[in-house]
Amino acid sequence: MTTGTRTPVPVDLAPLRSYRRRRGLLQVACVIISAFMAVPIYLIAVAAFSTRAGLNQFPQPFYPANFGTETMSTFLSSTGITAGFINSMTVGIGTLLLSSLVGAPAGYAIARYMFRGKDSYQLFLLFTRALPIVVLSVPLARVFLAAQIYDRPVAVILLHSALALPTTILITSSVFLAVPVDAEEAARIFGCTPVGAFMRVVLPLALPGMAAASIFTFVMSWNEVLGATILTFSQRTLPAQVLSSLADSPLAYRFAGGLVLVIPALIFIAIMRKYLLNMWGTTIR
Amino acid sequence: MAEIQINNLVKVYPGGSERANDDVSMHIDDGEFMVLLGPSGCGKTTLLRQIAGLELPTSGSIAIGGRDVTYMPVHQRNLSMVFQSYAVFPHRRVRQNIAFPLKMKKLPASDIDKKVAWAAELLQLTPYLDRFPAQLSGGQRQRVAVARAIVLDADVLLMDEPLSNLDALLRLSFLSELKRIVEQIGTTTVYVTHDQSEALSLGDTVAVMRSGKVSQMGGPLDIYDWPADTFVGSFIGSPPMNFLDGILQDGLLDIDGHRFTAPANAPRSGKVRVGIRAEAVGVVDDEGPNTLTATVQVVEPLGASILLTVEVGVHQLKVQAEPTAKTRTGDTVILRISDSAIRLFDPETGLAWLTGDSA
Amino acid sequence: MLFLFAYPMVEGIRAGFTSDLTGALTLDNWGRMVNDPYFTRAVRNTLLLIVVVIPVQFLFAIIMALLLQAKPRGTALYFYLWAIPLAISDLAAGLVWLSIFADQGYLNSVLVGFGLQPFSWLSYQSPGTQFLAVAMAEVWRATSLVLVIIVSGMQGIPKDYDEAAAVLGANYWQRLRHITLPLLKPSLQVALILRTILAFQTFAVAQALTGESFPLLVGETYRWYSALNNSNVASVYSLVIMAISMITAVAYLRILRDQSRQVAK
């Protein structure tokens, strides 16, 4: 019936060769695409770190031939930049805190207490993203003017929080949903108060996801240009500052500004890689 | 239908140091039902996946129907497979699921309809043909997976633990139905499972695997009666084979001071590991040749029999008793061992001293 | 939260119909918007951008996702690089590509290196290449968003389906067509809606690259608000944008919902 080896049929290696060839092509394709994605960032870094004279050189060298921190330092010391930086940080952190404070309990409530209309809620969230920031900013500017919080970071924090809240709530509710109710109930059986159970069991498990959401909110706030520009005048966030002085500024300024705005993105994605997929996965469901 | 020849197959996963499949060779005849049996991690699924082409071997070769397929792309191998998770396409109706292999082969529509109807009939799916998988129960989805696998007359049918996701009752009923269908169609089949009773009831041949190697390959009854080592003995059969330490000298077997007649053609003497199945140990009323005394520790009424766990010196034995036995925990009983059922194993390597052929 | 959304919306709608001079309700603002020479160009540019950029992005993103799915060596690194642009604001993206498209930028440097004439890509005299520059920057920036959505969608598809299809005789393209893409549809829907809506809001990219000479709807809104100091007309623009966005979103949902109804739950 069945025994061990018999005279083997010679192994056909052709499919193995074509398989290996295809893997090679795959790598090539990936490298090309990576180049398309990464090279522009490299280029602007080179440009931002060139001397003034170097920038006027034509054709431009592709490697840091004229390395100099002149452009960057001019940019960084230009009017409003440091202030802009501080404002962006303030707004970013403020938004982060506000949306977390409001978003976490809301997310918890949604996760634990089923409510009908979950699907329509998700639709609603989609639509709120649909709302152009424009639509809000212009009238909001009026309102804030009246309330006398115009041109203050607070105003931008409110706007950004309002924009970030739907997404934050969505993320926090999925995070809390992932924590099994059993763990909480077990904690309560073993003597914890409901709040205690929340603090000891749910929070530690939810923290990574919430941290991810917070970082996401921060970066979105940092990058937000239009609303911040409309809502502020003298106390601008960094992007708003760069935007408003765009027309009058020399090329060097713009390059340096570009690089500064890009760097947080690099850091952000490096940290967020794992969470990116989880987040978007949950927002789809 | 085709025969399968596997020669010296080795599979090492990239980044791993152990061999998932360690020099495995086997020949499966045309039309044979081969079961790969073993605990998790033994390499049975890896072997199946290499036959399917879902994994590529590190070395060795696989040939189907005389054709080398070692590195052939999956879709060219003319195989069929039933997955543990069924893998029934959720976005297509049952009819289209079953028709899928035929559609990939670009068969004419009338042929497709005929074959789909035949497969559906065979698996009693005809009323469900126009439903979506989400509207079916687990067992019904299983049938769809099987129907889809048999609809095209593939060279080889592969099954990866198809029954393990079903509940116990469904599993039993579907087991016999599956056997009937496969026998009717007659395709060469390779079936992977960790359940030894499934393996014994389904297979023409059972290959017991452990740590990447094949421990023993043979008919179900042979493997049951003459296990090649202590691992196979303890893995096959419910309850597992009992093992006792003893010394063989001058034709007599000494276990804890009790004497038994040793099997006639024992090749050597000395320390030995004795294997004996629960049903070969009986409860008797008086002492006599080949008996020993034991204390009952656990009594498990199973309906058709009673399973006793008894203590003999330092050993623990499982004994199969009559359903009417009135034994209770703590009782002392007299056990007789049927000497034709005694199996001898090397205490160090676990290998059997005798095989079935020499009995 | 409702306050922050609802009130401004009402205000905005009202403002659109209010004349800035008399404070009375009027359709004047609409007239001013439509008659502004930049209006038609803004509409045209925005629509053109959407029609061109979005299909390209989706094709690109799907290809990238499939490449990643094949797990080449260095998958993690590739994913990192390809996802970076998603966190970059459109202003920054514009500035990055400015360094390439500027008159003395890198693109012209390459051309000169090959002995060709440099070209003024960003001048208002050649709207064609202006469009090209903005489109490039947008494709570069926003493809990663689509990519991430598609990749996470793909990860949600159990590997078993693809393997089963392969064993049952489907080659790569057949599997793509019959298994992967259909099961990816929900993700594609979400990505499409999201991306289109965001595309209507393209603004800073064009500002960075071309300044005022490449009008876009949102850019016009900004201009009316700040430079021309007429927040009413700006509101009108906002409403138009919002209306178009909503109509498109609803349209998508309708079209795609009919198709997905076939997969009954």
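Here the chain labels run A, B and C in written order, and each chain numbers its own residues starting at 1.
Everything below uses one rule, namely that a contact is a pair of C-beta atoms (placed from the backbone, for glycine too) under 8 Å apart; a residue touches a chain by one contact, two chains touch by 3 or more.
No experiment lies behind these values; they were computed from the predicted model shown.
Of all chain pairs, the one linked by the most C-beta contacts is A-C. Centrality by Cα centroid goes to chain A. Separating the centre of chain A from that of chain C, both taken as means of CA atoms, is a distance of 17 Å.
Averaged C-alpha coordinates put the centre of chain B at 57 Å from the centre of chain C.
Taking each chain's centre as the average of its CA atoms, chain A and chain B sit 53 Å apart.
Touching of two or more other chains is recorded for residues 73 of chain B. Interface of chain B with chain A (complex): residues 5, 7-8, 25-29, 32, 34, 56, 61, 63, 66-73, 204-205, 207, 217-219.
Of all residues in chain C, only 1, 4-5, 7-9, 11-12, 15, 64, 67, 70, 72-74, 76-92, 94-100, 102, 104-106, 108-110, 112-113, 118, 140, 144, 148-149, 151-153, 155-156, 186-187, 190, 193-194, 197-198, 200-201, 203-204, 207-208, 211-212, 218, 221-222, 225-226, 231, 234-235, 237-239, 241-242, 245-246, 249, 253 touch chain A in the complex they form. The touching residues of chain A, when paired with chain C in their complex, are 23, 26-27, 29-30, 33-34, 36-38, 40-41, 43-44, 47, 55-62, 102, 123, 126-136, 138-143, 158-159, 162, 165, 219, 222-226, 229-230, 239, 242-243, 246-247, 251, 254-255, 257-258, 261-262, 264-266, 268-270, 272-273, 276-278, 280-281, 283-284.
Chain contact summary for the complex, chain C toward chain B: residues 158, 160-161, 163-171, 174, 178-179, 182-183, 263-265. Every residue of chain B that touches chain C in the complex is listed here, in rising order: 52-54, 73-75, 77-81, 83, 85, 87, 89-91, 100-101, 104-105, 132, 134-135, 148-149, 152, 158.
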